[in-house]
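You will see chain A twice below: alongside chain B first, and alongside chain C after that.
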Partner chain A sequence: MNEINTDNIKSQMRKGVLEYCILSILSNNDAYASSLIVELKEAKMIVVEGTLYPLLTRQKNQGLLSYRWEESQQGPPRKYYSITDKGKELLAEMDSAWKEIVETIALLRHKKQ
Partner chain B sequence: MKKVVTVAIGRKSFVIDEDAYQKLSLYLSKFRERTKMGHSSSDVMEDLEQRIAELFTEEMKSHIEVINLSMVNRVIAQLGMPDGSSAEDDFSAEEEYQVRQPVRRFYRDPDDKRIGGVCSGLAHYFNIDVVLLRVLFVVTLIMGGMGFWTYIIIWIIVPLAKSATQKCEMRGLPVTAENLRRFSTYSK
Partner chain C sequence: MKKVIKVSIGKLAFTLEEEGYLLLKGYLDSLSEYYGDKEDGAEIVEGIEERVAELFIEKCGPDSVVSTSVIKEIITILGRPETIFEEEGDIRSLGINKRRRSIPKRLYRDPDNKVLGGVCSGIAAFTGLDTALVRILFFIFFIGFFSFGGGVVALIIYLIMWVLIPQAKTVEQRCSMYGEAMDLSNIHESIKRAGKENASSIQRIFIIFGKIISAIIVFVALISIAALTFVFLGIEVFKGILPLNFIDYVELGVDNTLFMKITFLAVLLLPLLGILWVGLQLLFDLRTPRIRPGIVMLLLWVLSLIGFSVNATKASRPFWTKTQESVEYPIGKHHDTIFIRFEHNNPIPIKRVIMNASYSDFSLMWMDEKSDGADIVVFPSVRIIRQSYNEPSLVRIKSKAHAYSYAEAISKAQENLSQFTLQDSLLTIRSKSFGKRSKWDGTYQNITLFIPNSVEVIVEEPIKHNFRKRVKTRLF
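Let's turn to the complex of A and B:
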């Protein structure tokens, strides 16, 4: 029998809500990749940064995000991501889905006791 | 002393040690491979390279002018792979491949031959002076028939080093792009 891998379960859960997190951060303010990384790392949502880049591109291709180049004082221009209307719609849907999940879990936990 | 390479990463130019460059470019191609997003991969790589450029710029603030291997290793550890795994698993096998000892094979040398390139081939293989071998062969030729037949048999059996790869192997040199260029017939 395999041992129960707690870390693996946790990382699977985080992976599931990572896209939700990106949209949430961008709904507050536009950000370039590095500042997104800092926020996600602080929130312990990602361990290695590499996971983020394919997600950003995928969300951009799905029309959830857009980006623009902005001048920066410290070197070359930076790519700023912002959330689109379509992204905001999805975010609203995810908000209610998240609420549902949290309520369901609370309900189940309560029933058990 | 080390050879350096100048590269453009995320719209900035960096001077980087050759070994560090090899590792970084291997990492980038692995990352691209693992992204599995078709033509969208270039967007992902653009973001990734921009981040690498940023991290390197941070390192440069401590007045180091050349990116070295340990900086590259640090950056790779921080970035990891697109699926969230660390890059280490991918590299251990590759590195072993790179430090593998170059092979030395016995070929006849077409660039330095008097008759069939047998003596120069032998000289390369045993790393001895070709003149000494030639003298030895001539002496055995005079003394008796053995030298003659040995020469003929080697001439028939051992292949001529035709390609640049074979010429590297004949000299026991690693088959790198630089060495291949040295022995390539096109460069002459």
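Let's turn to the complex of A and C:
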């Protein structure tokens, strides 16, 4: 029971920052969905690959991302995602929010000790 | 050998194993079902499909067959719908996989859970009843009818259902057997079911029982086919018991019988062959070939039955009207013995005579072998009725005739009355013989002697019978 709770908390945390992660990756380089998956999996941010697609669509609808069609190695063109200005703005906000959270946590933990 | 299916995924062509195809289809369908009503739902599924294509190429290369295990692995990588919904954080994921779409139920025979043909388990799946219950009900039905002498009815109903209800072969059919749409969990279930390794002990008993029954079926069918063949070929199983060549006998009365013989044989033999096939199939778990022998045999049987009926009706046309004539001759009171002489052109053969003689009845026939086949030589049957001394003694000769018209029947019947003569105490009965050349004329006669008890009746040499002893059936 305890273990399940820990897992649940971790996944809740990941869920909260997943969109932040996508924007972060795209702010460095434009990318195919497949390369986003590789990076997110390496970072252990996602467990199953399918998770990415609803998120990409959601962010695209919010105007945070855009894509263009580009030839892939396999042949048929694939969506090549890049971050928009609106996305960059949000990313900046998220950066500061993240900083705040990390600082707050550090502060709280320091106090406790 | 596995069935494969060609599909286009993410604008690329792939060849998938059927099982895997169904898994993948179920997977993508469940995603579409969830995202479909959302804006851009199609786009999400399309993205996932493209990823599937990429993973296929990564795992199998561009032109090979994608195996079911690879598809299972890829579904795990991409995440089962419930996992994606969980990770992505959409509350609508709650209870998504509990909703099982229902599709029209169809009646199939269940191949994974069968004793004989899977009819009972198929019905159980269709009605939602327990399989054991359906089996027991059917067994009661069988026994119940049996006690009224018609267990065959239940058996025939079973056999007909066996032939007519198709077997659930594909995973799709197995699902519609239960009226459940394909989704991951029940596809897994039905694939597992096909594995058959989890047969319960009760089911095993049923299976053994089924094997015993099928062995009996095979045995009975073989014996019947052999017996029928013997009869048709006129083989003397025991010396003289079957002196008739059955085929020749069929030919006696009617013309143009080749077609009739073939159809008649087919009507008798096809069901036996069918039963034999079913028995063998059960006994050795043979697979039903594409041509469905059951249906082919049933069709052939119906055709032969129609052919035979039509032909037999046509052939019996010369015998549609029946009539009878009789004549009586008085016997003088002074005779204390009456002699009966059976006359035939050739002497009575030593072998192949069928005689049935008792205190009151006498009949005689034999086969007359000729170079062009055998003739049946028949005599009218003789009956003796003992009466008191005061009543007049007499011989009554009765001639019955079948013909197309009434007039024809009467004239035939009368003609045949002259087959007998009574001279003093000697009754002469002349033979009639039928064969390929001289067909049966549609008449038969019998003779009744009304005489007092004191009068002896002697059948002359070489038969020699005095009506004081009983000879049931004698074959010389």
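One rule holds for everything that comes next: the second predicted complex is superposed on the first by the 108 of 113 C-alpha atoms of A that agree within 3 Å, B and C clash if a C-alpha of one lies under 4 Å from a C-alpha of the other, contacts with A are read in each partner's own complex, and residues count from 1 in each chain.
Just so we're on the same page, a residue touches a chain if its C-beta (ideal position, glycine included) is under 8 Å from a C-beta of that chain, and two chains touch if they have at least 3 such contacts.
Remember, predicted model here, so these are calculated numbers, not experimental data.
After alignment on the shared chain A, the placement of chain B and chain C results in a clash. Once the two complexes are overlaid on the shared chain, A:A33 sits against chain B and chain C alike.
In the superposition on chain A, contact is made by A:T57 with both chain B and chain C.
In the superposed model, A:V47 lies in contact with both chain B and chain C.
Residues 11, 15, 33-34, 37, 46-51, 53-54, 56-57, 60-61, 74-76, 78-79 of chain A touch chain B in one complex and chain C in the other. In the complex of the two chains, the chain A residues touching chain B come out as 11, 15, 33-34, 37, 46-51, 53-54, 56-58, 60-61, 74-79. Across the complex, chain A meets chain C through its residues 11, 14-15, 33-34, 37, 46-57, 60-61, 74-76, 78-79.
By the touch criterion given at the top, residues 10-12, 31, 35, 39-40, 43-45, 47-48, 50-51, 53-54, 57, 62, 76-81, 83-84, 86-90 of chain C touch chain A in their complex.
Within the complex formed with chain A, the chain B residues making contact are 10-12, 31, 35, 37, 40, 43-44, 46-48, 50-51, 53-54, 57, 78-87.
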